[in-house]
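In the two complexes that follow, chain A is the common piece, with chain B as its partner first and chain C second.
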Partner chain A sequence: MNLREQLTQLLTLAYVFLSAFVAWKALGLVTNSHSPIVVVLSGSMLPAFDRGDILLLWNRDQQARVGDIVVYEIADKSIPIVHRVLREHHSTEKQLLLTKGDNNMQDDLPLYAKGQLYLNQKTDLVGTAKFFFPKLGYVTILLTENQYFKFGLLGLMGISAVLTSE
Partner chain B sequence: MYRTTKTSLNQSKLSKYTDHSSVVALRTEADDNLPQIFAKLGYDQDFSLVDTKLALGYLTVAIAGFLYYLEKNYKFHDTKLVIGGAIFVYCVICGVMLFLSKGSQYKNNKYIGVKNGKKIAVFTLTESAFSPVYQVKVVFGENYESPVETEIPFTKVFDNFGFLNETEFQAHLEKLVAKKNQ
Partner chain C sequence: MFNLANRVQVLLNQTLTAVSVLTAAIALISVVQLYFAGVWSIDTTSISNVKAIALLKNLRSFGALHGKPKENSKIAFDLSADLTPLFHWNTKQIFVYLTAEYEGKLAGLSSRVTYWDKIITRREDATLSLKNARAKYLVWDVEKSFRGRNATLRLEWSIQPYVGAFVLGETLVGEDFAFASVKRKS
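The block that comes next holds the complex of A and B.
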């Protein structure tokens, strides 16, 4: 196999990841969210959302409304949180939000950064949940939480690659 | 699985076994052999189209890498314009690559060669995955309006075990190229 064929095969393989990544970035631009699709990781929003549900976010609303389910990030905490807007205060310039998980006993104040009393709608929100696909994201939970599943899947992919090349 | 075919014994050339129940596999094997067959007919392969597509392809990889770098080092809201520009350039390049693959002058192009300064472009296809007939079209120079065409049943160039009979294949292509002079 010559160099051009090898480069072409490598490019074909790269496109599997490349096209998905660029589509992801384009979706981020359209929705104005750096993470336009998130997987629900906890049961704090039961019965509305369960673990493994996939949410499609939209971050072009001028203001959030009480009752909206929003995804927000707290500084120095990498995992986004999916909770409902419980209370809001707004002026012409900014909007402040207090959130709570439907299945939680109290609001999210203990989850916020030290000294933070409200979320800033403009800077803290990743987006507002507009659509959801039940259970589709459970495979990502299995991949991160279950070592047997992760290595089993990797093994299957390896065997599949070997058999295909034969 | 490899073996030396009867027809190519004197050339010490190994012919590759091909799944002869798969039209796509037969077509791919025939396509893969075009460069060496045309080399025997005195043509030098012209890689300019392949190299252009490769260069554009790796440019899109570089753009994706740049987007990844932005994601890891800058905040999304600070780089939206740059991301938009990069995605626009990516889409334009993909459009050009699509044209170079599917445009009327490029679709199904499997080989471009040059002999004595004259260009030859070879296009091949099979009508469907169930039609074991290799359709070959040869364009001389830029004369895309009047190509020379032929249909070669795979049964004529592959034996019962799925090995390509290169001499037979070369004879068919040689006859096709000679048609131009008639």
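The block that comes next holds the complex of A and C.
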């Protein structure tokens, strides 16, 4: 075990993290979305989506369509919301949207910012959901919400790093 | 020499590649299959007996702002449709919705709003036959009022798959109706 070997290992690790980061950012560029892959966190779109389902977003549509499932962000609220477009009003310059969760009784008006009646298609959307993959995102939910899983996984990685460095 | 980390890495990579290829194949085949089932040319839908009602609402959750009452629109309708072609092995559910499309008072303004929707999860439930059904939603306009305008009702659908792409479409039948006006108290 010499210094050169350890440095090479460090380099490999940096390479793995960097390539993942570059791939993520490239996907963001292609889809024009700052978060092109989204994990569903709530049951408000049941039975279509459950917690942990993965959505691929696309944000280059000129207009949203009624029935589209869009991901939007509200100023001052950090969590993006995945809901369906209930109404759209568009002119040549802009499009206004009202959304609703399939599993909610009411539209999203109470979720919007104070005084906000509609979403702006250009500025409020993170993207439109185009592709669906079930359940796999539950790993990230476990990582953020379950302490045992998080530290268990970290511990396992640490142990394997120690054991394999011969 | 292969150590544990290498083995796990290779296994993960291969699984990821296999799952990606399989997912892409499933997504492609299900869209092609829908196309050949003719889902974008369903013309057996019938929307009729549309009755429009207008009413005033004072709550913010019905579009009223600054205490001024807002005109809301409601409809009753008959609907029959056969959406069984939308169901195949990769259809988890379909979301069926009745929309009205209309031009605004302002030039160039166009809107599409949902009056009624339904989630269907089984093929057996995909034939709809509604008599004098009430709209699920009260609808208000982005402008002040609907008065004096015509709208076209359409039955649209969206498929949520078990895995793959979301597919949207509408049935080929449209039905026109005129928005009602609020009755003034004399």
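Note that in this section the second predicted complex is superposed on the first by the 157 of 166 C-alpha atoms of A that agree within 3 Å, B and C clash if a C-alpha of one lies under 4 Å from a C-alpha of the other, contacts with A are read in each partner's own complex, and residues count from 1 in each chain.
Rule of thumb we're sticking to: contacts are C-beta pairs under 8 Å (C-beta built on N, C-alpha and C of every residue); 3 or more make two chains touch, one makes a residue touch a chain.
The shown structure was predicted, so the numbers you read here are calculated from the model rather than taken from an experiment.
When the two structures are aligned on the shared chain, A:Pro110 is found in touch with chain C, with no touch to chain B. Set against each other, chain B and chain C touch different numbers of residues in chain A, with C touching more. In the superposition on chain A, A:Ala26 contacts chain B only, with no contact to chain C.
In the superposition on chain A, contact is made by A:Pro134 with chain C only, not with chain B. In the superposition on chain A, contact of A:Arg4 is made with chain B only, not with chain C. In the overlay built on the shared chain, the residue A:Phe151 is in contact with neither chain B nor chain C.
Residue contacts after overlaying the shared chain place A:Ala48 against chain C, while chain B stays out of touching range. Look at A:Gly67: by the touch rule set out above, it reaches chain C but stays clear of chain B. Across the complex, chain A is touched by residues 3-5, 23, 27, 60-61, 63, 65, 92-93, 95, 97, 99, 104, 106, 108-114, 119, 121, 137, 139, 141-142, 156-158, 160-166, 168 of chain C. Here chain B touches chain A in the complex through residues 47, 50-51, 54, 57-58, 60-61, 63-64, 67-68, 71, 75-77, 80, 83-84, 87, 90, going by the rule given at the top.
Against chain C, in their complex, chain A makes its touches with residues 47-49, 65-69, 84, 86-92, 96, 102, 106-107, 109-110, 117-118, 129-134, 160-161, 163-164, 166. By the touch criterion given at the top, residues 4, 7-8, 11, 14-15, 18, 21-22, 25-26, 28-29, 32-34 of chain A touch chain B in their complex.
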